[in-house]
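These notes open a run of structures that come right after.
The two complexes that follow have chain A in common; it is paired with chain B in the first and with chain C in the second.
And then the complex of A and B:
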C-alpha cells in the first residue's frame, strides 16, 4: 500500500512531488488507479490533489480565450452550455469519455497529463489551439498543447511540474468545430480513431482550419498538411476527401484489439471529411445542434 | 384461452426484487463465518506445459499460511466427461489459467503473497489455439492420456435420408462457412465457494450454483467423500447465464483446503479470474450446404460442424447436441447429413452458456434460409413458413412437435417491422431488415438419467404455504413463477407462498437449472404437489361446509361450495382444523415430475424434450460503410411461450436474452492471443451498454401447451438465440454483403465489403 499525501496548495504539491521521487499525482484517479491495479505502473506514494479542486477548477472566458482549470471534471465540461456553443468539439469529446461515473471523477488535467494516445480530450483542444500552464518550483511556463505530448504515456513536463490550466480559443460567429470517433460499442469504449476539426470561415471561405487525430499515432496529432488543403476555399467534398487522405498518410496507427493499422487509416480518411463538413456547417450556421452524431453521419436533412 | 385465472397471467414484479435492488440480499461473498480462511489458486502461465517441479517451501514458511496444496499432497480423482480433468494438475497444464497449486491463509494479502512464492518449473510444450489447426494431423495432442491420437474429443454423426440423391433434385443450393467467437457468460457475481467441515467429518459447501445435486455427486466422486457427508447450500445466485452449471476445479480445491486446515475456507474470484479461468461460450464453426426445389421446399442439409471447446470437455462439449438439433429439426428437411467434431485446443474451456450451441447453429441455418429465398426470388418469411414444422410433425431426429406457434410468430414480426413495405427498400440509406426464427427445447431436456424435479408443499397452523422445490432461482424469476403456480392451484394469494429451494438436506432432487426447463418441469412438480395439498384441504373442509369435496372450489385463500359461494371457510382455518383436531394430520404433500421425454439413442434420435419453444425476430440496422460501424435501430420479437405465467417476467427474459444476443452479434469477444486472454475486464470485453440496445419489441404468442403447467413452455434462452442471425440478415439487406461470422465488428464489415474474407484459407479435414 502506497502512502497518500494530501497537499492543500499548488506549492505544497510541487514540494511533495520534489521530495518523493516515487510519487504519483492523483486528480480524478480514473487512469492512475487502473495503472496501479493492473501493474502498468508502480507508485511509492500518491499525492492526492482533491483539496486543490476548488483552486484549480472552473471554466472561464478570459481575454477572448477559455481558461479551464486542470481539476475541472469532464462532467463539468460536458454540462457547460456556453462551451458547447463556442467550442462544440470539446463538449462532444467530454460527452463520450468513459461513463457518467468516470466523467464525474476524471479531470481535464489528468486526461492530458497521462499522455494516452487515445485520450478523448487532446484532439478537440488541439483544434482549438490550446496551451497548457505548467507550474514548477521555478515558476510558471505556458507551452502549446501539441508540445506536451512526447510518446505513449510520456509528456514534456519536468518533475516536479504540475499542470494547472488549459487555455484555448474562444470562438464566435464564423467558427465551427466537431469531435467524431469510431468505437465498437457506441458508449463506454476507447476510441479506435478520434478526429477533431475546426474551421474559421470569412466571407464564405475557410480562412483557418485545424485537424487533430487521436488513437492513431504515438501522440495526439495535428495534421497541418491535411487541413491546409481546405484553406482558401468554401467547403468542397473533393478537397475534404483529399484532406482525409493526407491525414491518413500522416498518422502511424498500431494494430491491436481495437482495429488494425490499415483499418484505422481508412477510418481516418472517412471521418476527416465528415468532420470538416460538420465544422463548416456549424461555422456557417447550418448545423446548430450541440452534439453531432458521434460517427458524423448526418441524416438526409443534415441533422 | 377461455380459462380464467386469478394469479397466472398477471404481471407480477419478481418477489425477490426488493432485496436485490436495495442491496439487502446476502450473496455468497457476503457470508461471514468465524475463523474463515481465504483460499487462492496458483495458475499456469503457459498454454501447454509439463510441470517439472513445484517448490512450495517459501509459501509454507510465510506466517499466516495454513495450507499449501498441489497434486503431490492431495487425494483427487479425474472428473468430467471421459475423466479429462482433475482439480490440481499433476503433470500437464493445458491452458493459461489451469490450476497447479492452492493455498489457504488468514487473509487475502497473505494468500496472494504465498501464491507468488510458489515456484513451479515447467517444460513448455507446443500448443494449438484454433479448432481447424487442432484437427491437423501434425497438431500437438492435448489429451494423450485418453489414448487419443488426435484432438477430436468427441464425434457426433447423424444421417437421415439420402443427401446425395436429394442434391441431384435440388433447383438451388447455397453454401457457406459460419463462424462464432469465444465469448463469456460474464455474470456480475463472480464465482465464490465456501467449504466448512464439522466434528463429524461432514462438509457443508456454500456456492451460488444451480445443478446442485450433480455438483454434490461430483464432489463425492472426485474427492472420495461419502455422498451422504456433503451438504450443499446455495446462496442467492448473482447471475450465471450458464457460467455456474459446470463444477469448477476451484470448488474441489476449496473443499480440499477446508479438509486440510479444518477451518472454513472461502475462494472468491476476481473479475480477471472469472474471465480467464471460468467457462466460456465455445466458438462453433459450420460449413453448411442446403438445397431446395424450385417451389422452395427444403430438400437437404449437409453440415460439417467443428466446436472449439478448449482444454477440457465440460458440459460445453454437449453444445453439439443442440447445434445438431437446429440443423436437423428447425425446419422440415427430409435429408440430413451432419458431422460434428469437438476439438480440444489450449484455451479456456467451454461451458453450457445460455443458448447452448443454438445461437451459433441458428446463425448458419437462418442465414441459409435467406440465401435460399434470394436464390429463388422468394420472400424469406414466406419461405420459412412454407418449411416450418407444425403440431403433430416428427422431425428426422425424432423430435415430436406438439404446441407450435412458429407461423404466428413469423406473422407477428412481419407486421410489427413493416417487413413487406421496408425490406430491400432502404439500401440507399444503408439500412436493412433481417429475420431469424428459432426452435429450442421448451419442456426440459433429457441429457441425464432423469429430467425430473421434486416438490413438497406444507401448510402449518398459520396457513402459510411453503413450497420446497428441487429447482433454484438464478435471477430468471422462477421462484415467482412457482409461487404463482402454487397460488393458482390452491386458490390462495401469492403473498401466502414461501419458496424454499437452496439446501440439499431439505429440498427434493432436481437435475438442475438449465435448458429453459424450470417453469415447465419444476412448475409441473409444484402444481402436482399443490393439487395434492388442495385435495387434503378439501377433504377436511367438506364436512365443515356440509358438502362433498368434489363440490368445493377455492379462491383468494378461501374454500367454498362452488354452487353456493357464501358457504366458505378460510384455508388457514381448515389447515388448523386438520392439524389440531384429535388424530390430526398436517397438510404435507409431495410430487415428483419427470416429463414424458426420451433420451437420444446412439443414432441421435429421440424426443428428448416434452415440448419445444419457437420464436422469430426481425432486426433493423444501419451500416456506416466507410467505418463499418453498425447501429442496431430496432429489434422486433415474437415468442411462442405456451402460456405466460408471469408476462412481465417472460418479457424480461426475452429482452434480457436479446440484449445478450446483441452483444454477441456486434461486440462481445474474449480476445485470446496465443492462449492468453487479453483484456479480462468489462471495458475490453465489449458487453453492450444501454445505448447499444434499442427498444426491444416483444409479443407473446400463447399456444397453451398440453403438457406444460397451465400450458407454459420454457423461455429462458429463446430471446438470445436468433439475434446474431437476424442482425446478419439485416446487414446483408442493407449492404448486399453477407457476414460470415460474429461479432460483426466494424473492421470485419469493411473486410466483407472488400470481399476479402468470404471463406477461410484453411479448411480442416472435418469429414469423418
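And then the complex of A and C:
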C-alpha cells in the first residue's frame, strides 16, 4: 500500500520527490492510477499534486506565446475559445482525448511527462514550437518539447524535476494548424496515428511549416524533411502528397492492436496531405471552424 | 489515512487506505453500491460520479485528491425517493435495460446538461456521452431521453421568462 504525500508548493514536491526514490507524481492520475492497477508500474508512495493546481493551472497569452500551466486540465484546453482560434491543433487534440471524464481529470503536464508515444497532446504542441519548463532542486530549465521525449514512457526529466508549464506559439492572421488522427474507436482510444501540421503563409506562399506525428515512432516525432517540401510554395496537392510520403518514410511504427506498421505508414501518408491542406485553408482564412473533421475529410463546401 | 469530503451534501469522515480510489471508498468503505464497478480502467464510465459538478471516472480517481471536495453519486440524484428529470426520462424512454451502465450514464447526463444549459442536439449528446458504454439497450433510447430532458428544461426556462406553459418551438 502506497502512502500519499501532499505537497503545497513546487519546492515541497521537489524535495519529496528527492527524498522518496520510489515515489510517483500524481496529477490527474488517469495514467498513473491505471499503470498501478494493471501492474505496469509500482510506487512506494504517491505525491499528490492536486494542491498545486491553483498555482500551476491556467492558459495565458504572454508576448505572442501561450503559457499553459502543467496542471491545466485537458477539459480546460478543450473549452478555451481563444486557444481554439489561435492554436486550433491544440484544441482539436484536447477535444478527442479520452472522454469527458478523462478530460476533466487529465492534465497537460501529465500527458507530456508520461512519455506515451501515442499521447494526444505532443503532436499539436510540437507544431506550435512548444517548450517545457522543468523545475528541479537547482532551478528551472526550459527545453524544446521535442527534447523531452526519449523513448516509450521515458523522458529526459532528471529526478527530482517537475514539469511546471508548457510554452508554445500563438498564431496570428497568416498561420493555421490542425490535428488529425486515426483511431479504432472514436472515444476512449489512443491514436493509431496522430498527425499535426502548422503553416505560416506570407504573400501567398508557405514560409514555415511543421508536421508532427504521434503513435508511429518510439517518441512523438517532428518530420522536418517532410515539411520542408511545401515551404516556398502555395498549397499544392502534389507537394502535400510528397510530404506525406516522406513523413511515412521517416517514422518507424510498431504493429499492435491499433494497426500494423505498414497500415500506419499508409495512414500517415494519407493524413499528412489533408492536414497540410486544412492548415493552409486556416492560414488563408478559407476554413474558419474551431474544429476540423478528425479524419481531415472536408465536405464539398470545404467545411 | 483520514479522508474528509462531502458526499451528496453530507459531510463524510472516514479512515481509508491512502492509495484508495474513490470508487472503492464509495462501494467498500461506505457501502454506497449505486456506483458500479465496471472495467476498472477508466474505459466504460459505469463508475462515473461528479466531483464539484464535473464528471470523473471514480475507478481512477485517487480518493485523497477529493478530500475537501464535493462528490455527487447516483444516490444523491433522486430527492426523497422522487426521481429527477433525467431519471424519469430514462424510465419513460426505456433507456435502461440491464441497468448496469445506468448510474454512470445518468451522472454523465447530469454533467452534460449542466455544461450545456441551452439547446443540445444529437451529435453533442453522443460526443458528451462518449465515455459511457452500454452493452444492451443501445444508445438511441438513452439519447432520446437526454433530448427529451433538454426540451423539458427549455420549456421550463420559457415559463420562467413568461412565455406560458408551452415549450418553445423554433
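Operating definition for what follows: the second predicted complex is superposed on the first by the 303 of 303 C-alpha atoms of A that agree within 3 Å, B and C clash if a C-alpha of one lies under 4 Å from a C-alpha of the other, contacts with A are read in each partner's own complex, and residues count from 1 in each chain.
Convention: a residue touches a chain if its C-beta (ideal position, glycine included) is under 8 Å from a C-beta of that chain, and two chains touch if they have at least 3 such contacts.
From a predicted model like this one, the values you see are computed outputs, not experimental measurements.
Using the contact criterion defined above for the overlaid structures, shared-chain residue A:271 touches chain B, although it does not reach chain C.
By the touch criterion stated above, A:104 is placed in contact with chain C alone, chain B being left untouched. After overlaying the two complexes on the shared chain, residue contacts for A:295 are found with chain B alone; chain C is out of touch.
Looking at the shared chain after the overlay, A:3 reaches chain C, while chain B stays out of its contact range. Of the two partner chains, chain B is the only one that A:192 touches; chain C does not reach it. Looking at the shared chain after the overlay, A:202 reaches neither chain B nor chain C. In the superposition on chain A, A:263 makes contact with chain B only, while chain C stays out of contact range. Taken together, the two structures place residues 99, 186-188 of chain A in contact with chain B in one case and with chain C in the other.
Considering their complex, residues 1, 17-19, 21, 40-43, 45, 48, 51, 54-57, 60-62, 64-65, 108, 111-112, 128, 130-132 of chain C touch chain A.
Residues of chain A touching chain C in their complex: 1-4, 6, 26, 29-30, 33-34, 36-38, 46, 48, 50, 75, 98-102, 104-105, 186-188. Listing the residues of chain A that touch chain B in their complex gives 99, 182-190, 192-193, 257, 259-260, 263, 266-267, 270-271, 295, 297.
Contact residues of chain B toward chain A in the complex are 624, 626-629, 631, 666-667, 671, 678-679, 683-684, 686, 688-692, 743, 745-747, 750.
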